[in-house]
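Next, two complexes with chain A in common: one pairs it with chain B, the other with chain C.
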Partner chain A sequence: MEIVVCLKQIVDPEIPASEFRLDPVTKRQIRGSHALVISTYDENALEVALQLKEKQGGKVTAVTIGEEQATEALRKALAMGADSAVLISDPPLLEADDLGKARVLARAIRKLTTPDLILCGCESADWVSRIVGPFLAEELGLPCVTFGTRIEPRDGKIVVRRIVEDGYHLVEAALPAVVTIASDETNTPRLPKVRDIMAAVKKPITLLRMADLGIEPGSLKEMEGRIVLQDVAIPVREARCEFIEGDTPEEQAERLVLRLKELKVI
Partner chain B sequence: MGIDWPRGIAVLVLTGVATAIFLREMARIYRFLRLGQGSLRVDRVGKRLLDLIVYVLGHVKVLAWTYSGVLHLFIFWGFLVLLTTILQQYGEAFVPGWSLPWIGNSPVLAGLQDLFILLVLVGVGMALYLRAVVRPPRFRSSNPLDAYLILGLITGIMVGLAGSRATAIALSKEAPPGWLAGAFLSRALAVWFKGFSPSMLHLVHELFWWLHLLIILFFLTWIPEGKHLHLITIFPNIFLRKLTPRGALRPLDLEKAESLGVGKVEQFHWKDLLDTFACMECGRCTAVCPANATGKELDPRRLHTAIRHHLVEVGERVIAARESGQAIDRPSLIGDVFSEDFLWQCVTCAACIQECPAFNEHIDKIVDMRRYLVMEESRAPDTILEALRSLEARGHPFKGALASRTDWAKGMGIKEVARDGPAEWLFWVGCAAAFDERAQKVAQAMARILQIAGVDFAILGGEERCTGDPARRMGHEYLFQMLAQENIATLERYGITRILTICPHCYNTLKNEYPQFGGNFQVVHHSQFLAALLREGRLQLRQPLNLSLTFHDPCYLGRHNGEYEAPRQVLRALGGNRVVEMERCRERAFCCGAGGGLFWAEERVGKRINHERAEHALETGAEVVGTACPYCLVMFEDAVKAKEAPFRPRDIAELLADAL
Partner chain C sequence: MATILVIAPAYEGHVGRTSLELLGGARRIGEARGMEVVAALLGKGAGAAASQMWQYGVKRVYVADHPSILLGELEAFYLASLEACRAANPGVVLLLADSVGREVGPRLAHRLGGGIVTECIDVQAGQDGEVTFLRPVYGGKAIATYRLVNFPVVVTVKPHTMEVPAEMPVSGETIPLELSMDPEGLKTRVLEVVSEEVTGVKLEDAPVVVGGGRGIGGPEGFQLLGELARLLKGAVGASRPPADAGWVPPTWQIGQTGKTIRPDLYIAVGISGATQHIAGVSGAKVVVAINKDPEAPIFKVAHLGVVADYRKVIPPLIQKIKEIVGT
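Moving on, here comes the complex of A and B:
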């Protein structure tokens, strides 16, 4: 089975909230010197792909759009067991929106291979837009299953276990298909074996520029959606402490109720 | 005096047969040892020879356990002194009435020999009492038949010897031997044979004489079969023991190693295999093991005996397979011989190593097998994997930490090397004190003391990474080496030479393990630094702390680095304090449960180690448990919460800061 996994390198989502900074001009997170990691669910998607490869045989290709540094994320994917890796990198791409990125990914995938299955994380741990996977399916004209956790191949099709609010759905899909992956206990990303980490250093990473995908510098804008990001802000959390006075517990309780009503809490 | 050829030749033939059996078995064991990895390099020969005198002849470690130490001393020295009687016997075999030149007729030697016959029997009696009546749990996994057989053989040798000496005296009424005056025991026993006819006496003498010789020869053939092999292997084992710091694990060449860690018995270092043949199954290691004491599977004695039994079982086939190149079917080292749980229960506290009279190294073997699991198989308990992933991604093992590395220092006016340049001392904070809310208070207390004492210091801040101690002890040598190289590069870039740390784990790794990678720094633990500040009068105590105190020795400060005094000096200097020791303190201290990377493990089997240790502290009735390690501190805090114990754990720096 030929599997492509789309993944994204992001700032460690585990950094303390106090360290989170936004750039008011680009409206993006400032990376600073924070650790960069593969977005959480993308790692689960890679794990699902690797498990399928172990069961079925085949090949796993990791694809990312990002800066040069994103090769580190690809090296990690190679160390975990991906067979090849592709970095799509060009400065304008960093500004592209979700639809633009999905269209770029679609072009790259069409150029590289004819996959049986394309996996994405169900959402990125930084922007959480949850839409690149479905856009990608749309662009490639493929069926799409979102929030899958496990994939069983069956008679040339796949059965995807898809989490829903109070349980799961089993969804059958024809191949090729796009599945976005959520986490469960069966797809915790593996710790790469040390030999594989060392071998990953020697595996080649294909670099694609916009020109390689036939995208003119000016035409990227046309590929994007019509949504404009107006503003981003870090929510301000305030905590105040107020003492309710009163001579007796009854009196304190009464005043507390009045105050809560005043604040429209009750 | 004629030569008794028939007897002489009979003795030689029997000796030859026994020696041949002995050598054949020893050669087999030698071939098994040769399966191991690594080469033989001997440095510091003088020190090693001295060790043989102190620890073999002097029994210094054996005597650390008084009862069994004394009984062993009797038997061991008896064996040495009575070697003279064996030489004597070989002379007699050819020449009746022969005695050793110069000393053979000495009453002093005869007296010594008789004394040791008695002491050996006393020793055997004490051993029997211990095994059969006292039955300490440490003997549980040892083979009792082997022990009783040996005690029986020793008794037989003594009876044969005493009997032949007594009958020799009785036989030589007219011309008593020159040594008679000293042989108080044999002389007394000779009285029993007074009424025997000369021919009967002669027969009885012959019986004793042969009994003595035959048991010795049988003993010789039996030595390689059981734990009594230690009387040979102990010499090379102590001579070749690890002389590098105890806290430093053996480095692994990741580029060259055929296997990353040990998944098969022949992948152990050959000295580790020798260790297993030097184990005399005394079980002292198991008796002091905190995991074993809290009902877990880990048994440091079985670690050795099981490797030995497994090696003996599969050794011949492994040798044959090596020649033929074919794979063999055999029980798996990890899985069949040791469960993964067994390997993940070790806190690397070195209590076992401290007690082992043979200087066996338990931790290296366990970490070698963890290395195999983690690096070759990517297998470890989930929470351990989580910590490893965090170390890899963000350079610290505390996933989900709410603080940044420098949050604790906000508003304290502390220098950061990158911003303010290096200072006289680098204050290495460590991940625990940076990210754990409770342990942050230790970093703050320490910084405040340094400021009060006017010490010029700076921190690395965001450039500090985990030293790699947990990664290394969890078996991820690759990750450890990455972190070590990164830290060494940072330290060298700033030209840092002097490091002060509040974490014994960082202390041990910076001091003992970084030199393996070319990082040589002067490293001081805060207990030592504070003791020095107090000694030099650089801190004025404002108020004595009127508290009753006990002190918990961190394993990586105490047993791994031999520092027991400095933290106690600090506590004593606090004035008015009453320091009560726990029963298990200093070299015998009981781990808090966090070492070996197990701070990040779920302790699911048995009683929690920190709860057990909190009970030890409770027994002292102290109001405060002093520690000198952020991990010990947090483990105690958890135990105090769970058990609602009426004492407070505090770091020595916190206590000292309160008194300023």
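Moving on, here comes the complex of A and C:
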């Protein structure tokens, strides 16, 4: 199976809120000294791809739109077990909206391979839009399943376990298809071993520019004709915690119950 | 004249309460822009729900009552949504950001030209007709404001973030949508629907929720939380690590990727208070945090805090509730 995994490099999304800073001009996060990582669910998507490859044979390609430093994210993907990687990088791409990104990814994927399966994260851990995956499916005219956690190949098709509010659905999709991946206990991303990290250095990373894809910079920001990002702000949290003290847990428990009764919530 | 279109599933004539919340946002935009709010109900047997929309002042209700639009059949739902857009000529399309809307919304927006705001938590409409949409970004560490510039746009709204509007009954009409859908030609198909059994109250409706985090240490600890929740006639939820580890089902996860809840009381146990978790509980009236680390960020958002090992404090808590409140 030929599998493409779309991944994004972002600033560590798990830093505490107190260390989060915004650039007032660009309205984007200031990286500061924080680490760059592969967006959380994109690693789960890669894990799903690698498990499918182990079962079925085939090839896994990691693709990202990013700056030069995104090479590090691709190296990690290669160390985890991807066979090849593609960096799509050009200054105008930094400004691309989700539609622009989906178009660029679609072009790059078509140019490089004929995949059976394209995986995305269910949401990017920084911008959390949940848009790029379904947009990519529409760009490519392919079936789309979102929030899948497990994929079983069956009779030339796939069966995806899609997480829903009260359980899950098993959804059959014809191939090729686009699936966005959420986490569960079966797709916890593997940790590359030192040997894998060494081997990854020798694997190929292809660099693509916009000219290679025949995309005009003007077509990267079309969503702004409809919806404009006006502001990004850090919300103020005003809650002040009242600590329930006590010499023993029993005492704390009793005081808590009395306080909750006073507040009329129990 | 462009409309504000609310699209909702209505399998067997049942419209979920969260779908009615969309009408609140829709009405606000409609009033600011002088536009009519219309609804599209999609699903096998959807027609029976039209009167529910009339109850909330929606006169025109498009109905796609088709045997292929079944629970989880999102390809059919998507095709019916497109048909509804063709008929209703919407300026703004509202869908829930649930398992249906998060898949169908972006696909629909792509087809309509790309305008979309997902995971919206508030709609603001000014006197001057300016409409803005708010949504959390950066894992809830920031809020983005989007301004509506041109029609049409699709907006997906996070469940449990808007109020169901006041009723204002009208005598409405049902407009059937003609669908030429070949069930065999659908690109995806649901083979199996697996619903978890819920004993007691559902997490998203529970007035009291006890949430457990990584600090619970394993599936056994959740039994204790279950006991506490049952006593308070509530439900148990979790942060992401217990769900990822398989200690609890994924459907128990509360937060950005999981559920949004609005209980009167949320008791967070062994949860550090990451913004992605808090994103799901910010509507709770009272938040209690039980954590052994006094520096845990959860104490910055909780109203009441108990610094303790949960294993030591939950059993007496259960005991005291029985004594003081009764069962």
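Everything below uses one rule, namely that the second predicted complex is superposed on the first by the 230 of 266 C-alpha atoms of A that agree within 3 Å, B and C clash if a C-alpha of one lies under 4 Å from a C-alpha of the other, contacts with A are read in each partner's own complex, and residues count from 1 in each chain.
As a convention for this text, a contact is a pair of C-beta atoms (placed from the backbone, for glycine too) under 8 Å apart; a residue touches a chain by one contact, two chains touch by 3 or more.
All of these numbers come straight from a predicted model, not from anything done at the bench.
The partner that reaches more residues of chain A, of the two candidates chain B and chain C, is C. Of the two partner chains placed by superposition, only chain B is touched by A:K193; chain C is not. Within the superposed three-chain model, A:L94 lies out of touch with both chain B and chain C [touch as defined at top]. Touch criterion met: A:A35 reaches chain B, while chain C stays clear of it. With both structures placed on the common chain, the touch criterion links A:A211 to neither chain B nor chain C.
Contact with both chain B and chain C is seen for A:P16 once the two complexes are overlaid on the shared chain. On chain A, the surface touched by chain B in one complex and the surface touched by chain C in the other have residues 14, 16-18, 188 in common. The touching residues of chain B, when paired with chain A in their complex, are 254-255, 260, 374-378, 380, 382, 385, 388-390, 393-395, 399-404, 407, 462, 476-478.
Per the touch definition, chain C reaches chain A in the complex via residues 72, 75, 97-99, 102-103, 105-107, 109-111, 113-119, 132-133, 136-139, 141-153, 187-196, 198, 202, 204, 208, 232, 240, 243-246, 249-251, 256-257, 259, 264-265, 274-276, 285-289, 297, 299-309, 312-313, 316-317, 319-321, 324-325.
Those residues of chain A that touch chain B in the shared complex are 12, 14-19, 33, 35, 37, 188-195, 197-198.
Touching chain C in their complex are the following residues of chain A: 13-14, 16-18, 20, 22, 27, 29, 41, 97-99, 102, 122-123, 125-131, 133-135, 137-139, 142-147, 149, 159, 162-174, 177, 182-185, 188, 222-235, 237, 239, 241-244, 249-250, 252-254, 256-261, 263, 265-266.
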